[in-house]
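One chain, chain A, links the two complexes that follow: it is found with chain B in the first and with chain C in the second.
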Partner chain A sequence: MTDKHDLLPMFKTVAARVDKRSFDDVTRASVITDLGVDSLSMMQIVGEMETELSIQIPDEDLVEIVTVGDLCSRVERRLV
Partner chain B sequence: MGSNKQEVEVSYDVSNEFFRLWLDERMNYTCAVFESEHQSLEAAQLNKLSILSDFAKVTANKSVLDIGCGWGACLEYLATSRSVKRAVGVTLSSSQAEEVNRRKLPGVECVESDFMKWETTEKFDALVSICMLDHLCSPEEARKGKAIDIYRAYFKKCHEVTNPGAWFGLQTILRNKIPRIKKDLEDIYFCTHVIFPGGLNPRLEDIVQAVNPYWEIITVKQRRHDYERTTAEWLRRMRLHEARIRQEWGDHVFDDYDRYLSTCVRAFDQFYSSLAQYELRRLDA
Partner chain C sequence: MAHPTTNLEERLYRTYMEFFEKAERERRWSVFDDIPWDKVNPDAPEDLALCAETFASVEMYLPDYVAGGINVVRDWFGRAWWQANWGYEESKHSLALGEYLVRSGKRTRTQMIELYRTLSEKRWETPFTTARQMTLYGVVQEQATFVIYCKHRDYAKREGDECLFSIYDYIARDEIAHTRFYQAVSEALLEEDRAGTLADLAFVFANFKMPGVDLVPDYDERILKMRSEGSVDRDLFIRKIYLPVLKFLNIGRHEMLSAQRAALEARPQR
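Right after this comes the complex of A and B.
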């Protein structure tokens, strides 16, 4: 099981797999659009994290995500 | 606001002959309701019209308004199978209005107008509206948080054109889960922007919120798998005419509609989209 208090390493791994490039320098404060991740890739990253963690994030939780930390927090909330 | 006349004509005015090739004989371009595994599309479309007419409490002595009447399948059903004294349809599409009026159905009149701007002093006893609400709110308006206000204005207008005691048989496509697969997202984006520009399917909770304070929801029926089956049958029939469609309307028409209908089948299967029918009762002071 992934460390339930920090999903950042998983985000880096999944984002690298989806976008086929390195996300090693990303922090929780990184703005997702500044990383060059478009909305389609973003939803695919969400989907792969949901599958790996066997969780479902409601769509309304995804509407106001701006930073990597926003996304990680919403996933972490489902793991508590 | 939502789909304008030009955008509606993109969706419905490719050619009446084109749609006639793959829709049922009455040209219903909305979800059918199948009663059995072997029921035909034609019978299932009549079944849908029967359900919505029952929701609207249609009887022969009533006047009925069909909001977004398409090519007049429901108007014809109301005039012939239910023998209503007067059935009025409203559509933004010129070719649909011409098609309906050309048939000279008894007691039927079709008005070419934007329902939200339509000025009439006539009051109706019953309403039917089949998948017209999906054209009212654009993706941009939904992103700005305007969806509920737009749908509520529609239900207010519906209230204004009815007599006290009216009932309403409503059918809407719904959007549900956002796909997590890039190709599915691209395909749905294509359908929203190329085939049905200007419109966005509502969420069920939008409808539940927006009917107040004008209408009371008595019944909601979910028909997701009926629409999956309907679109699969449209796709099957359209592919039978591939050569003619490519020759008469161009490769892009066949390819676009093949992609659109294939996307619909998958969207209903995967619960990205759904369909609901509502029995609504007018709220009177």
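Right after this comes the complex of A and C.
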């Protein structure tokens, strides 16, 4: 199982792939909109992480994601 | 432009006739008879008027919307007629908002004519080139417009302007009806070519912008004001536009990933 500490690197990798730029400086506290990630890219990042981990975050949880940590937490919940 | 198949054309014609019948029987309203003009709040803040003026400005590009839209679907009988009816309904939106600005005393008739002159110096170009892409753009744009008008309807109510509340209410009703029509057409397009339609939907989402961008004077400043009173931020876009559009069209989020990836990769570097 992917533990808590693997999800941030995973986010950075997927985000870099989707948005074609580096996300190396991102932390769990980073606000996703501050990273310049728009709505569609955000949906793509979430979707690709879900696919890689074979999980699905409920749609109603998606709108509550503000920081990278929020996203990681919701992924972690589905992995437990 | 490829001509639609007979079956598809017949289906879209029926879809339009159902839309038109419902509009005629249940949704028609008059700028002159149905709006409570005596309930304008002349003391409402300038920001309320500025937002109404911005909506009116975007609606004033109607000649370009009609010309661009109708030429893309000219060969599709039901859809071409839909565009004509759509133009009639949208024309009432700009007229009602313009009348509101004048009757509330927030703008003079001369100022409105000057605004129209300024606006007409620029021209709206269709953001997408095919009938299918323009239909999908219609789904997203009308849904977004509906959401924004609903938020501003609430804003007008908070400011005690029953007249503007009523105008936004009528407009929002029209916009959601337009959304439903575009969605019905999109369902038919998905049945005919699901992969191609998904690719076009992803392309539209990836390159979507509201029609007033780059056209309306001081648009960025206006949007800042409107955002504080209810524009579409990321949360709202996902919750009220992206997810509802997919749900209505019976498209799973994961089904979009492949097409969405391609559309994002093709998007110019920002």
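To be clear about the criterion, the second predicted complex is superposed on the first by the 74 of 80 C-alpha atoms of A that agree within 3 Å, B and C clash if a C-alpha of one lies under 4 Å from a C-alpha of the other, contacts with A are read in each partner's own complex, and residues count from 1 in each chain.
Methods note: a residue touches a chain if its C-beta (ideal position, glycine included) is under 8 Å from a C-beta of that chain, and two chains touch if they have at least 3 such contacts.
These figures come from a predicted structure and were not determined experimentally.
With both structures placed on the common chain, the touch criterion links A:D59 to chain B and to chain C.
Of the two partner chains, chain C is the only one touched by A:T33; chain B is not.
Touch criterion not met for A:D25: it reaches neither chain B nor chain C. In the superposed three-chain model, the partner touching more residues of chain A is C, compared with the other of chain B and chain C.
When the two complexes are overlaid on their common chain A, residue A:G47 makes contact with chain B and with chain C alike. Within chain A, the residues touched by chain B in the first complex and by chain C in the second are 39-41, 43-44, 47-48, 50, 59, 62. Every residue of chain A that touches chain B in the complex is listed here, in rising order: 39-41, 43-44, 46-48, 50, 59, 62. Residues of chain A touching chain C in their complex: 18-20, 33, 36, 38-44, 47-48, 50-51, 56, 59, 62-63.
Interface residues of chain C, counted against chain A in their complex, comprise 205-206, 234-235, 237-239, 242-243, 253-254, 256-257, 260-261, 264-265, 269-270.
For chain B in complex with chain A, the touching residues are 177-182, 185-186.
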